[in-house]
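Listed next: structures, encoded as structure tokens.
Each of the next two complexes has subunit A plus one other chain: subunit B in the first, subunit C in the second.
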Partner chain A sequence: MPPDRGRSGLGVRRIVRRLASPVYLAALVAIVGFAYLGQGDPMSYFALSLVIASIYITLALAWDLSSGMTGYLNFGLPFFFGLGAFTTGYFSWQDHVRSQPLLAIASLAVGLLAGFLFAFPTLRLRGPYFSLLSILLPLIATDVVLSYWTQLHMPTQGYYSIPLLGPTSAAELIVLSAVNALLLTGFFLLRDSHFGLVLRGIRDDEEALSAQGVRTFPYKLVVFTLASGAAGYAGAMYAMVISFAGPDTFQFTFLIFPILIVILGGTGEIAGSVLAGYVVMLLYSYFLQAFTELTFIVFTGAAILLVLFLPGGILRPLRSFIQFMRTPEPP
Partner chain B sequence: MSLLELADVSRSFGGNRAVDRVSFDMSDRVLAVVGPNGAGKTTLLNLIAGQLRPSRGSIRFRGREISRLAPWRIVGLGMVKTYQIVRPFRSLTVEENLSLFARLRGKAEVGEILQETGLREVRGQLAGALPFGLLKRLELAKGLASRPELLLLDEPIGGLSREEAQGLVGTLEALKSHGVGMVVVEHRLSEILPIVDRVVALDQGRLIFHGTREGFFEDPSVRAAYLGGRDAGG
Partner chain C sequence: MAGILAPVLIWGTLFGLSYVLIALGFTLLFGVSRVLNLAYGALYMVTAYVTYYLAVEVGVGLFVSVLLAIGAAVLVGIAVFLLCVRFAPDPMRFLIVSLLVALFLQYVFEYPPLFGGETGLILPSLLPVHGILIWGVSVNPVYLWTGGISLLLLGLVWAWVEWTSYGRAIRATAEDPETAALFGIRVRSVYLVVVAVSSALVAIAAALIVPAQEVTPSMWVGPFVIAFVVSVIGGLGKFKWTLPAAFLLSFSQAFVQFEYGTAGLSDIVAFGVAVAFIIALPQGFGGIHRDAA
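For the complex of A and B:
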């Protein structure tokens, strides 16, 4: 018998069930636990890893929302991340803004605006043509920003003395996790709405969808703008965690971890990204300590193995196990 | 006013004229478009649906020129095309496949459409897991979900068994009685003929017959096109 996915649509019970899903709760418990333990040594290293993981989870959620749900591979996300960090650095340096919420909101707004400007022309292309532009345009924009870095009266090395997000890693983790929980809730509601249904339709067969009457462009425009805004916010958080924003924050490596997290979490499985985010980053932190120079080789090997053996993400076997445990034994 | 009017419509692909100065109007409920392979039937349907633009000529739906409109705008006016090779949204349930289109023109009752098309029992199943016969029904149901006044059906019973085809033709007959217009491209003419009011026949892109189903079989041009020789009918 083929799987029965039930009815779609919003409903209070459905929302409550979503919010109380075991994975969500498990992730929250883990965050609070680590935050508590992370206040003293030697756990602070792992607490910092969890802080960074939380930022990558935001990026992964943004990537999953836009690319995972629509099937449009967007490689431009690191640019909006860098732009968010840059915005935070710029305002805290030039205008001496010391309020973290204000800096976060400014970065979010810049991310949204830049995302809209990027998405409006590029989303008229599909498939590999869109992906190619999503790499090229941000690369050109990054080059322009970096070329004019000093002319714009920016410190050569980058902005430093950016106000810290929190007094301790634990406090930062709680702030980041709370915002991620909000984002996650928003993403769930979006996914289960008619809007989310159209996004999934775009992923399955956009040509048939538009031929049969759905104008897909506005849906894509909204979702890519939102994802860019989320990346801008994540960039601001990163800048406030390390108290620095320089040219390095535009690096392409800021996309590798989020994509890996989404693949391991299961593409389109938003909750899976949360769990996968902690797994990937804790594993990476452990490897950094254990293997030092060989970290990236060992980590890449482990990532390949995880993707090979868990192609549908880490939630799928977990669900199968729960379903197996629930299935009553035949009399 | 005619539901659909085509005037001097042509479409070329390079040097090949797939549809050549075709003109007809549709005042009845069900029009069958027939012809041998390569006659230009599917191209004509795509031109009407807005998926292709005519090289020349005019297409009017309920008096409004639509030949330069995007497909989604044409659906908004009340005309939708279903695919010959089924294109379900495989990762969505049957009901979700319909819900995608249920808000396009007012609010369609998805439950009613599921009932009409015989998909009620499988409403919660993933479309990708359905057998071919049900996928053909789903293709029709997706078309109905936008509450069209005119359905463009490209080989709706192609690939179905005789029993499955009879069932689907029965559904189309019920739709006709509810006032839904249909342009049907179909090779299995004898099975679809009972619900057809008029027939348009194409050969090598040109219109060779437009008239009643009774007149269709008597027409010498039609017989020539189907039997091969130009003088076969004479």
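For the complex of A and C:
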């Protein structure tokens, strides 16, 4: 462990030292590698799968930063995701705004704002109670959107003809991968900073942390606002990839996969989520083609088994194995 | 205001009583075992689908199908609880697993080969369903019967927990499981009995109420939201406050519904009430009582 771990500050050497972690580098290589592989056949199913995988990886990164690191499970993720998609749909409807970056920024802003407004009152709750309240968000949003569809002056099926993110899946993949690489780097630096130390302290023992004089509330607020913003951005990207935003965007699918990915990659690992994200989402794309209707049953079932029997993910046992191999044999 | 008084009073009361039945098991289970079971609403759905399958597709008698469906819901409830207690003992993982179980069951019931992928199946009713008029308001008698049964079951559970020796064991376990175990109470069997009773309660609610609604794969959401919001208002785990809490929710929903003329706002009202209580009165009604005593 580097001696400066946990100290704040932005020295270049310190940043480089922090980023020289095998898992982070592997994740970065995966992002770049898959972005390159996707260029082979720009309109193929494989490229489209990678685009969808990238969106879920963004969601997984957001969920890992907020919930994985603090232990405050935010089941409201699909709500902010759907909100982002809706914002994009709303502003682009009838050709009001056709600029993709502008739509993405609007969704990001709406996500940040909604996340702040939600987190500010509810983060007073500890642990499970917060999770329960957050789960009500997507449940109720779906209901409200469905029953008020026509009163909200929305097109009958949902917002369609949203401007596409790029001309081909391969082009979209480059944009998404670049943003994911940035998010990965930022979140990974945050993870090992003073800020990240407090977040992990919240997960381990919030009361002890408070007793040390650390006010945990602002940290939680910042991290949940950030995660909601990222989810809003991901929603905008999703809407621009499928060129549609309807009530389906509030579905729990957008929670199951991030949870599955984060647990498989190791909660609070950040970089592990990227690696696990490609594995899970490429498997998902394969299943969707091979067994269409069974896919969700299989993946939810797999997620249940994973939480029950392998809660540490694949990375943690691997790491302890490496540690074990490195330890010199006793004389 | 005068025009909506009768419907608000009648529907507020009837919905409130059905909310009691839906929320009772959730609060009871949380009060004793301190776990928040997100699969609670899924048991409601399991009961409805099993009843539908047996009574409509197989052709078993309705009463027998309902009994078997309640049995199935109890089995699923116990299975989820045992799996979680054995392999995911901390509350956070319990929360994730129970949510995933609810979604898993939703996807299973959505699977086309099972129920033809249809939504909006209609369940036959044990109770009369022909609307009757009370004060000029058309009322489905299913809700009247449900209200009566709900009061009866609330009384029975109350009496069981308060006045029987097993009830004392339950209260002791809720208070402090380790000390209860030292005094010879079989804590594990107490948990199992409470899980079974709570699952049976929500299954009974489903068997009574679902015929007035539809059977859809996402039907677990409604009862779960109701159960959770009612327990927040009453104070999580304090089942004796279920009745006033349910009435507070149902009357505010009925008022908004008839004042603004749409049913779509009920969920927002429920969410708003829950958030307001969590901010202003996190202990719920039960908390005030405790402070005063």
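One rule holds in what follows: the second predicted complex is superposed on the first by the 242 of 331 C-alpha atoms of A that agree within 3 Å, B and C clash if a C-alpha of one lies under 4 Å from a C-alpha of the other, contacts with A are read in each partner's own complex, and residues count from 1 in each chain.
The rule we apply is simple: a contact is a pair of C-beta atoms (placed from the backbone, for glycine too) under 8 Å apart; a residue touches a chain by one contact, two chains touch by 3 or more.
Nothing here was measured: the structure is a model prediction, and the numbers come from that model.
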Review point. Is it subunit B or subunit C that touches the larger share of residues in subunit A?
Key: C
Practice item. Based on the superposed arrangement, let me know which partner A:Gly127 touches: subunit B (first), subunit C (second), both, or neither? Key: second
**Study point:** Contacts of A:Gly213 with subunit B and subunit C, given as first, second, both or neither
**Key:** first
Practice item. Examine A:Ile297 and indicate which partner it touches, taking first as subunit B and second as subunit C; both and neither are also allowed. Key: second
Check your understanding: Just subunit B (first), just subunit C (second), both, or neither: which does A:Pro311 touch?
Key -> second
Review point. Once the shared chain is lined up, is A:His194 touching subunit B (first), subunit C (second), both, or neither of them?
Key: first
Practice item. Identify the partner contact of A:Asp204: answer first if only subunit B is touched, second if only subunit C is, both if each is, neither if none is. Key: first
Check your understanding: Does subunit B (first) or subunit C (second) touch A:Ile256, or do both, or does neither?
Key -> second
**Study point:** Where subunit A meets both subunit C and subunit B, residue numbers
**Key:** none
Review point. Which residues of subunit C touch subunit A in the complex?
Key: 36, 38, 83-84, 87-88, 91-93, 95-97, 99-101, 103-104, 107-108, 110-112, 221, 224-225, 228-229, 236, 262-264, 267-268, 270-271, 274-275, 278-279, 282
Review point. What does subunit A use to touch subunit C in their complex?
Key: 71, 73, 75, 121-122, 124-125, 127-129, 131-133, 135-137, 139-140, 143-144, 147-148, 252, 256, 259, 293-294, 296-297, 300-301, 303-304, 307-309, 311
Review point. In the complex of these two chains, what residues of subunit A are touching subunit B?
Key: 2-9, 194, 197-198, 200-201, 203-205, 208-215
Review point. Mind pulling up the subunit B residues that touch subunit A in the complex?
Key: 49, 51, 70-72, 75-76, 80-83, 87, 89-93, 95-96, 99-101, 103-104, 124-126, 129-130, 142-143, 146
